[in-house]
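Across the two complexes that follow, subunit A remains constant while its partner is subunit B and subsequently subunit C.
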Partner chain A sequence: MPDPAKTILHAIGLQKRFGGVVAARDVDFALTEGELRCVIGPNGAGKSTFFALLAGIQPPDAGRIELEGEDITRLKPFQRVRKGLGLTFQTNRTFHAMTLRQNLDTAGRGGEEPAPFRAALTAFGLDRGLDRPVTALAHHERQWLEICMALRGRPSVLLLDEPTAGMSPVETRRTSDVLRELNSGGLSIIVVEHDIAFVRATAQMVTVLHQGAIFAEGTMAEITAREDVRAIYLGKVREETA
Partner chain B sequence: MAEIVSLLYQFGTNAAFLLLAALGLIVILGMMNIINLAHGEFMMLGAYAASAAVHRGLPFPLAVLLSAVAVGVFGIVLERLVVRHFYGRELGALVVTWGISLILSQGTLIAFGPFMAPIAIPGGALTVGVYSFSTYWLFLMAICVVLLAGLGWLYKATEFGLQARATMQNAAMARALGIRVERVYMITFGLGSALAGLSGALLAPTTSIAPFMGQQFVAPAFITVVVGGGASVIGGAIGSSSLLSLVETPVSFLMGSFWGSIALLVTALVLIRILPNGVSSLRLRRRTRGARG
Partner chain C sequence: MPQKRRPNPLRAAFTGPHDIGRTPPGWALMGLILLGFLLYPATASAFSATNVAYYLLNIPMALGLSLLWGYGGILSFGQVAFFAVAGYVYGVVAGNMTADPTLGSILGILAGLGAAGLLALIFGYFIFYARVAAWIVPILTLVLALLLSTFLGLTAGSAWKVGDVALGGYNGMNIPSLQIGNFIFQDYAFYYLTVATVVLCFIGLRIRVNSHRGQVLIALREDPLRTELLGYDVRLEQLVAFVIAAVLSGISGLLYVTWGNYITPSVTSLAQASLPVIWVAVGGRDSLFAVMILTFLLNQLTYVLSSAGNQYALIITGVLLVAVMLFAPEGLIPRLIELGRKALRLKEAT
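Up next is the complex of A and B:
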């Protein structure tokens, strides 16, 4: 069972600058075991940089990232994945010239199929027709397949970048249902997302990014009640935080 | 009857030559999308290594294996030192491999002179009617089948093959699944080099061994891989070499090998015009339609 007192993923003082733009500013972020957290923010808030730093696609200028107490700051993406980070991307990256089964096997690295993987495969309805080529799938099914691929590698933390991009409301709802079900089974999940309807339906806790820094953290009710959060989404915040 | 056997033999010889010439390139161009202009020189190195080994008393089969290993190791060293810096930069890779080809051929000329001691064709001859056929070429046809089947098995049925195909399709996603992309690239380039060395060694007894011998293999190799297409590189190469030989063989038979070569090039042009994505795209199109229908 997950231990809610244990921090499974910890980012401490992350900094990232691209030329004159500060994309991550002193980001302190802690995910406890078994938590389902959504990271939101308006365009340009630093969500993509935050994802890239956690995934290892970009190295931070300063700061540290720990996964289950182990420093992974200098590890490359494939090494982080091997340590237990499961990744999916905003733009679908499934292997088009392969079947569903082959796509899933690429993430296998031997060993038995983990239970969350089987559960997600069934819940998304992808367990039938595994020998179809990926090109026969609709966009949302490819997104779901990518989540299943990440789960096949037995992650301790699932890190998803806008998993519902381009999905219809019904498909988005189903994605949310499956993620919550996976989380109730004990999987720790971070979703970087801008679709507020999805976040409202999914998240236990929400982190709001603004201008590269953490602006607010709390439950969805707490976050939406805050005047200043509503203001940054409407573009009304003054530059006093800069 | 003897004419039919002779035509079949010619067809097999032509297809085997195309496939052997293309073998290493199937992996390096077909899978890694590296335009390796040093492919012919890798084959030349294989032929040189085989000749050197045979003339030091090693049996030919052992010399062939040794050549494959030597060129494979050479390929891995080259990949680590040079080629890996040019992934994703096709034109850069093209220029750098061209440079490598020049260094290899000129270097060989300086080090070993204009000719290397030839290797006698192993095996004897079979006679059907007035025609006689080299058993060595029959062996080469068989070895082509074995090598392609082995390559197909490696890439379709093993974990390494799956990871390699995933890496070639989308390296970023492969990394996100925990695949050691750098290692996959290194092994794949080494394997392609080893296969080029193996082909060079196998073809060494059929040709004169010289520093610039690689040039005769480059055009057929590229034509076979490009006409085959990227949807299924191995299947594509088999399809293209068969189609090309199907045209080349009767034309050579009736009008001589010069016109046979012209027919091969014209067929390649026509095939690329009709099927820009290669022969293997036919199969993929059919499969996708089947899955949707």
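Up next is the complex of A and C:
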């Protein structure tokens, strides 16, 4: 069973600059075991940089990252994945020359199939027709396949970058349901997302990024109650969608 | 997900998804081709069999490039460098051990393949662990081949002797035949040795590409970053493929020097360096079977044209490459198969 007192992923004082732009500014972030956290923020808030720093695609200028108490700051992306990070990208990056089964086998690194993976595969309805080419799948099914691929590698923390990008409301809702189901089974999940409807339906806790720094943290109710957050993000979204 | 049991490697080599010829008609064709090659010496002179062995001996190098480029997405123009290194090293070792030709042959083979593999390991380490951009790799590998050619060209004269063996510069180096006991691999014996080597390399690579590691290599070709973020050290996977391809080039190099008992630096010239790329591209780079067939046919074409005094053998091969790239960029044999399937479907529909 997950231990809510245990911090499973911990970022401490992360800094990242690209030329004159500060993309991550003293980011302190702690995810407890079994938590489902959404990271939100307007465009340019530093969400992608935060994802890249956690994944190891970009090295931080300062600060460190710990996974289950182990310092992984200097580890390469593939080493972080082997330590227990499961990742999906904002854009779909399944292997198009392969079938679903081959994609999943590749993601498995030769290991046994973990239970959350099997549950997600069934819940997304991808367990049938595994010998189809990926190109036969609709966009949202490819996104789901990516989540299943990340789960196939037996992660202790699932890190998803905008998993519902381009999905219809029904598909987004189903994604949210499956993620919450996985989380209730004990899996720790971080979702970088800007779809507020998804975040509202999914997150236990929300972290708001703004100008590369953590601007606010709390439950969705706490976050939406804050005027300053509404001003930088939520209000802006409402204005845009109005 | 419903588990599909992974078949044993040899079964996977003939039924796995990553090559053409994985159904009974494909196996029948392979069997017929093999039977034809096995029976060929019964109807041919030793001279003809030796010529056919020459058309075959570049196949391991081409198959290695197919693995590296077609399956792994890493284009190398430097396969001939490993071919030459294996050939020269075999020549030096076997040439210094003429008193014990059996030991000389065995050590020569081991040293030749070891040197090709070691060169690839060192060179590949710097390329892949430095994460050199994919488009630079062909240039670097071509530079390796040309540097080696230039260096070997400077080795004329008595200063460039290793033991009793002179490297010989552009005069070339004489090399003893492969010999085990009193048995010398020449004529028909060399022919069968070449056929057996090609068959083993083909089956070995079919096992490799249809294994889990083969699938990782294909994933790498598709999207290296995604592959890394599934937990694979892409640098290591690329390096292993590079070394396997180099050793296969070395096998071709060994067959070449024991076929002609001679090697010169021209084997790593610019024209020679481009040939494996042409064989693989024309055949169909992500099909080992197609590459094997086309390498044989193109080598035969070049040999026949050259021995008939045609000055334009290379130009004809180059024009063929351009034509294939324009009209069948996936390769000649995959294109022909696709056209055949379309014609069958059309026939069934009418």
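As a working rule, the second predicted complex is superposed on the first by the 233 of 242 C-alpha atoms of A that agree within 3 Å, B and C clash if a C-alpha of one lies under 4 Å from a C-alpha of the other, contacts with A are read in each partner's own complex, and residues count from 1 in each chain.
By definition in this document, a contact is a pair of C-beta atoms (placed from the backbone, for glycine too) under 8 Å apart; a residue touches a chain by one contact, two chains touch by 3 or more.
In this text the structure is predicted, and so the values were computed from the model without any measurement.
With the two structures aligned on subunit A, subunit B clashes with subunit C.
Looking at the shared chain after the overlay, A:113 reaches subunit C, while subunit B stays out of its contact range. Contacts of A:121 after superposition: subunit C is touched, whereas subunit B is not reached.
After overlaying the two complexes on the shared chain, residue contacts for A:38 are found with neither subunit B nor subunit C.
In the superposition on chain A, A:133 contacts subunit B only, with no contact to subunit C.
Looking at the shared chain after the overlay, A:187 reaches neither subunit B nor subunit C.
Shared-chain residue A:76: touches subunit B and subunit C both. Residues 55, 76-78, 81-82, 87, 89, 93, 95-98, 102, 105-107, 109-110, 149, 153 of subunit A contact both subunit B in one complex and subunit C in the other.
In the complex of the two chains, the subunit C residues touching subunit A come out as 1-4, 17, 212, 215-216, 218-219, 221-223, 225-234.
For subunit A in complex with subunit C, the residues that touch the partner chain are 55, 57, 76-78, 81-82, 87, 89, 93, 95-99, 101-102, 104-107, 109-110, 113, 118, 121, 127, 130, 149, 153.
Across the complex, subunit A meets subunit B through its residues 55, 76-78, 81-82, 87-89, 93-98, 102-103, 105-110, 132-133, 135-136, 149-150, 153.
Within the complex, the subunit B residues that touch subunit A are 159, 162-163, 165-166, 169-170, 172-181, 231, 284, 287-288, 291-292.
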